[in-house]
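Pasting the structures in now, so scroll down.
Two complexes come next, and they have one chain in common, chain A, joined by chain B in the first and chain C in the second.
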Partner chain A sequence: MTSDQKTTVLLLDDEPIVCKRLKPSLEKAGYDVEAFTKSREAMHRLTEKEFDIAITDLKMDGMDGMAFLTEVKKRHPATEVIVITGFATMETAKESYQKGVFDFVAKPFKLGEILEVVKKAEAKHRPS
Partner chain B sequence: MIDEMMRFIRGMKNYLKQYRNLETEYPFAKLFKKFQNILAANNASLELIADMGDKLSGEYVFDRQYILSTYDNLKNQIYRLIFDLNTLAPGKYVRLFDVFEEIHDTIQQAISGKWVLPQGDAAMPYSELSQDMYELVGNKNANLAEIRNTLELSTPDGFAITTSAFRAFLEKNGLDEYLQKMMASWDPEDEAATEKIAADIQNQFLCGGFPLEVTRQIQGAIEKLQEKSPKEALFFAVRSSAWGEDSIHSFAGQYKTFLNVPADQLLDSYRKVLASAYSPGVLSYRYQKGFHIHELAMSVGCQAMVKAKASGVIYTLDTLSAGKDVLQATAAWGLGAPVVDGSVAADQYRITRTPPHTLSGFNVVHKSTMMVAAKNGGTAVTPVPEELQQKACLTPELAQKLAETALLIERYFKRPQDIEWAIDSQDRVMILQARPLNIQLPAGCPKDQIDISAADHPVLFKNQGVVVQRGVAAGKVFVLENNADILNVPYGAILVARHTSPRLARVMRKVHGILTDVGSPMGHMATIAREFRVPAIVNTGFATQILKTGDEITLDATQNIVYAGYAKELCYDEITAEDVFEESYEYRLLRRILRKISPLNLLDPHDKNFRPSGCKTVHDIIRFIHEKAVKELIHLGDTRIGGSDAASRRLKFGIPLGLVVIDIGGGVLARSASAKDMSPEDITSVPMKAFLEGLTAPGMWSTEPMSVDFGSFMSSLTRTFSDSSTRFSGRNLAVLSAEYLDLNLRLGYHYNIIDAYIAEKQNDNYAYFRFLGGVTDVTRRSRRARFIGEVLERFNFRVEIRGDLVVGRIKKLDPAAMYEKVKMLGCLVAYTRQLDVQMHSDENIADHITDFFKGATNHDIGSENNRITSG
Partner chain C sequence: MRILFAGDEHPYSAQALKKVIELARHTWADVTLLSVLPAQASAQGEFLLPTQDLRVQALRRYREEFLENLGSSDSPYALERWGHEWIPLRNGIWEEIKVCRGVKKDVKVRIRSGNADTEILNEAEKDGSDLIVLGCGKGGQCGWESSAAAPRKVAGNAACSVLLAKEDKPIRRILACIDQISVSQESLEMINQLVTIHDAQLELIGLTHDGAAKSEAYTRLIQIGDYYSDKGIPVKTRLAELSKFEAVISTDTGQDLLAFWMGKKSLLTLLFPRDWVERFVGVCQSSVLVLR
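Let's turn to the complex of A and B:
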């Protein structure tokens, strides 16, 4: 990492497999990752900590990702949000961008792909 | 769900019935539209299947939703295919609905998480088991079956008595309620009470009777084995294989194993193994770990006894200092049981993990006694013959072979392994059981420092090409210079080749990793690499230029990086990762449903099984429909000739193709509309012009003198070509429009299909080539398929080869480039005509490729990226 402090990432997806695969891969790349499968818990965590980057699914049981990302941006405007979704439509993409989302990645994605996006978000978040 | 589908199917069937009466009124152009729909759905389904297969590489993050929606999509395509075929040939193939419904049911069950135990399968031979069946046969049996059936290593013959037999046994003896009652009254802290309860339960098991069906099936399994060696009395090793055993809670050694059990005492031993699951020790262990009694389902493995010269255990890592990079083996003469429980003196060996796996240390002890199989069953401890007492049980060669085998298993399961093995009378390494070795990360190498230690190694290149199978391998490079070299690929090499090729499949068990300059993640080689879980990256562009034979490298196909030197930490990281992707629910689910989707069984349209009921998988259905759709279309062409809606004429030109052309719009000059025959000049269809240009290119249609067996070849050609007695009897048919060509050719022994579309909009353009042979001997057939596959790959087609079926696809090229591709296909069709008779040896393939490219280059058709200069 460029600085002493690792870049922090919050990861929210109600499919455990996504967290299970993404978390170690991001950690290996040097990020400090907290993963959640329940949006309520992720939401609660936001009240305690500001993350550099948030990665969230759009369509989940219980709460939709759109509401979550709105909340993230409201609370911590500096947090870069990356949306991952299996139901990409023009509308949701448009809405996400209007809410200030950094990027939109369709599921399934390659691990390399998402790492690229996270790297770019990191560069934007803390310009060297 | 099922009801809904039944209603849907009934509706479809009724709807289709009305077509039966309308047949004659349907205009050809409209029916042809149906045919085009079929081609579109055919391509779409094959792409979905390839896409799902690709997801198994580990390179993607996908979730259950992906599996659901992709399968849903596929299912709709299949319905569409069946529906359209039944419109084309009214009601003729309605049976396909039922066939697909059956396949769909199985897939649906897997998706909904139901694992319906196959009825009546109380005993199943190892040859029919796979890792997915662990619920039925327990982890130990399932893993052993995978080692035998997928890795093709030697394991003892035998069968599993399944958990459904266990359930039937419980039910027959009322043991379910009995166990509930006993457990309810049990105080786990009271040792004396535990002893008493365990003794009571075990007694119930030992006195239990067997359901007739279970006895009958076990007896049947024994008889089948006996047939293989009718003269020898059968003896078995009877081992437990319970749910959860050999997972993180190993229950190691807590269940009983019986050795050298005579066939007529097998049922007794089986009962004893079941009873051992209720010993005081196991009851307490299960209580401590929080297992419920109903979570126990016991399967048992019955393996034919191996006549072991020596036996032992091998760990793929050193349990004391895992960083030492050695395997650890113990060995004794005779049977291995005393080595496992430590009751005899045994040799110790340390073997390097890096090929060629030399002995880095050993301690040969004095071995005075050994366990042997007693003549009438059971085991006996006897003195070791004088001359063997001081002798090492493992020669360096055997140690090497053992290490190779153990590491193959480790790589496959992506975990360090604890393996019981035996050396049989023919010096073969037999695997008796394998389970994950619970071990800590190599000392001094905590997780977050792994990248740092890898950073000591220079990166040769990264993020080049496409990952076919994730994983890490360290080894010496072997650059494949030419085809013959394939025989010289050393064990443990990282194979570096110009192209992906099905022939690389031959060395898949030997190599530790694969890199290619060119190639696709969808081909045959990729499938095999995934099957064996060999780390592989294709399409790197320049691997053969950067790497030289003998270079020591680490291929990290997980992060898509190639390092100079051996980054051992990375390899350890791979086998100690927290979660193994291949063990995730999603991976197993996808793999499980793909078994009902992607294998292709229907290869030969002339086989008597080539009918709806012969379709075992979705791929079979797709293949069947495509074949029949072409046949039906030709039939329509035959019967509708002279009608007002399609112009069908013979194409006359220099090459005797006997080609009938049906124009469905703008594919032929209007002036020729009334003539009976037409000439190539009359063709305006762009893809047809391209094809004819290639077909008639000088030098491609061989005029070489014919070799001896050319005679029979020629006779088959003439049969097709000169059969003029019936006007449209030939199978050679071209349906075309201004931008479209669908060509069905039977040429000598082959059957070619070319389907192409060339217009201005780049995204719509595609070419599909299918080649199916037959008749000649298998070796020649596969050579021919390899030749065609390689040519297509070099022209950047996406290639799939299955048996003698070669399919190449390319799409989304601009019109000029697509024209070149179709022209090349014309050349290829002309060229392959000679192949049946000339493929005498493997070397011929390279010669023919050189020859073909020479010809093609003369006609300005190079494969733009990969023009080759020599074979």
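Let's turn to the complex of A and C:
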């Protein structure tokens, strides 16, 4: 990976409005973003491509975010995963970290906050 | 999520801090604890921090209480990340000092000086707060001892949601009142989060005037109900006549949290014509969540 390649981000949230809000902001910040509202489709994409960063909701139909996080870390251990959730509890936060999440961000959050977290994940993924 | 707690040295602030601790325990939010001192000018334009001021001492106690509750070794706020940071002393002079930060999340402690509500709003804007939490007296004034109007003005003018904690009771039910069409995604998520954290029941109340519900507002009530139902959150919905609403909110509603989606064209302006948000939060006996 060369230094001028964009950092790639997979975004998964079953609420279209979340993807609609986050994707353009992340792209404007210089990231290459693919957004999904179905975990099955996101999972399939992961079999085709390794992303630098994955942002995933927790509570979704089908494969939930915790299972998605587990699968991502199993297939691509280097991918940094950020969990975003509207159902934050101490237990889910702890479980996420035990499964190797980079950060746990409770909704609602401002775009500035998630961009900061993504930048930190990027810095860890690609230390200069 | 970013939470701003603004408090003074009185018991209502101490009880509001408990709400912040509970929120932080589950959301692992970035938290700022803020107190506001009266504006003072000192020689050479430097602000000398009066460390004996009761508000400064209270802020220290709040930080200690926060970390006592949430600073254990498996907590994101555990003070285990040592480093050096440059601290500005005055114009052109910096000092590098050793600091200890939370292992994953920070709790910042800040003092501002000036008008209380102005400084709280400025801090919230600068910090990108998603929620401001304040305590206040339970009486009709809903005020602070040293700045009577501060909580009401913050509730009336903040760009983000504001939780006015008036009592130290667990939240068992959230009564979310809606009378306008535009509801932000952030406000839906805030209610979602509070229902989850408190394992509370959710009831949506559509406000009507003279028996007629604006058809769009009624549609919105149903849409929001469906939004929460789709997320697996049991929700009840009902309509309430505005003329009887003041009587409802001015009685003690026990372990309820009254939540309001606020807007410029709210029906509540008919009940409280001037500075209606501020008057409204003053009338409510229970804790109030102003949603934006």
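Keep this in mind: the second predicted complex is superposed on the first by the 126 of 128 C-alpha atoms of A that agree within 3 Å, B and C clash if a C-alpha of one lies under 4 Å from a C-alpha of the other, contacts with A are read in each partner's own complex, and residues count from 1 in each chain.
What we mean here is this: a contact is a pair of C-beta atoms (placed from the backbone, for glycine too) under 8 Å apart; a residue touches a chain by one contact, two chains touch by 3 or more.
In this text, all values refer to a predicted model and were calculated from it rather than measured experimentally.
Undergrad: Look at A:K94 in the shared chain and tell me whether it touches chain B only, chain C only, both, or neither; answer first, second, both or neither.
TA: Touch status of A:K94: second partner only.
Undergrad: Between chain B (first) and chain C (second), which, if any, makes contact with A:K28: first, second, both or neither?
TA: first
Undergrad: Of the partners chain B and chain C, which touch A:G86 in the superposed model: first, second, both, neither?
TA: both
Undergrad: Have a look at where A:G112 lands relative to chain B and chain C in the superposition and call it first, second, both or neither.
TA: It touches chain B and chain C both.
Undergrad: State whether A:D103 touches chain B only (first), chain C only (second), both chains, or neither.
TA: Only chain C; A:D103 stays clear of chain B.
Undergrad: Do chain B and chain C touch any of the same residues on chain A, and if so, which?
TA: Residues common to the chain A contacts of chain C and of chain B are 17-18, 21, 86, 107-110, 112, listed in rising order.
Undergrad: Please name which positions on chain B make contact with chain A in the complex.
TA: 55, 59-66, 69, 447-448, 450-451, 463, 559-560, 577-579, 581, 584-586
Undergrad: Quick check on the complex: what are the chain A residues that touch chain B?
TA: 13, 15, 17-18, 20-22, 24, 27-28, 30, 86, 107-112, 114
Undergrad: Quick check on the complex: what are the chain A residues that touch chain C?
TA: For this pair, the touching residues of chain A are 17-18, 21, 59, 86-90, 93-94, 97, 103-110, 112-113.
Undergrad: List the residues on chain C that touch chain A in their complex, please.
TA: 1-2, 25-30, 74, 76, 104, 128, 130, 185-187, 189-190, 192-193, 196-197, 231-232
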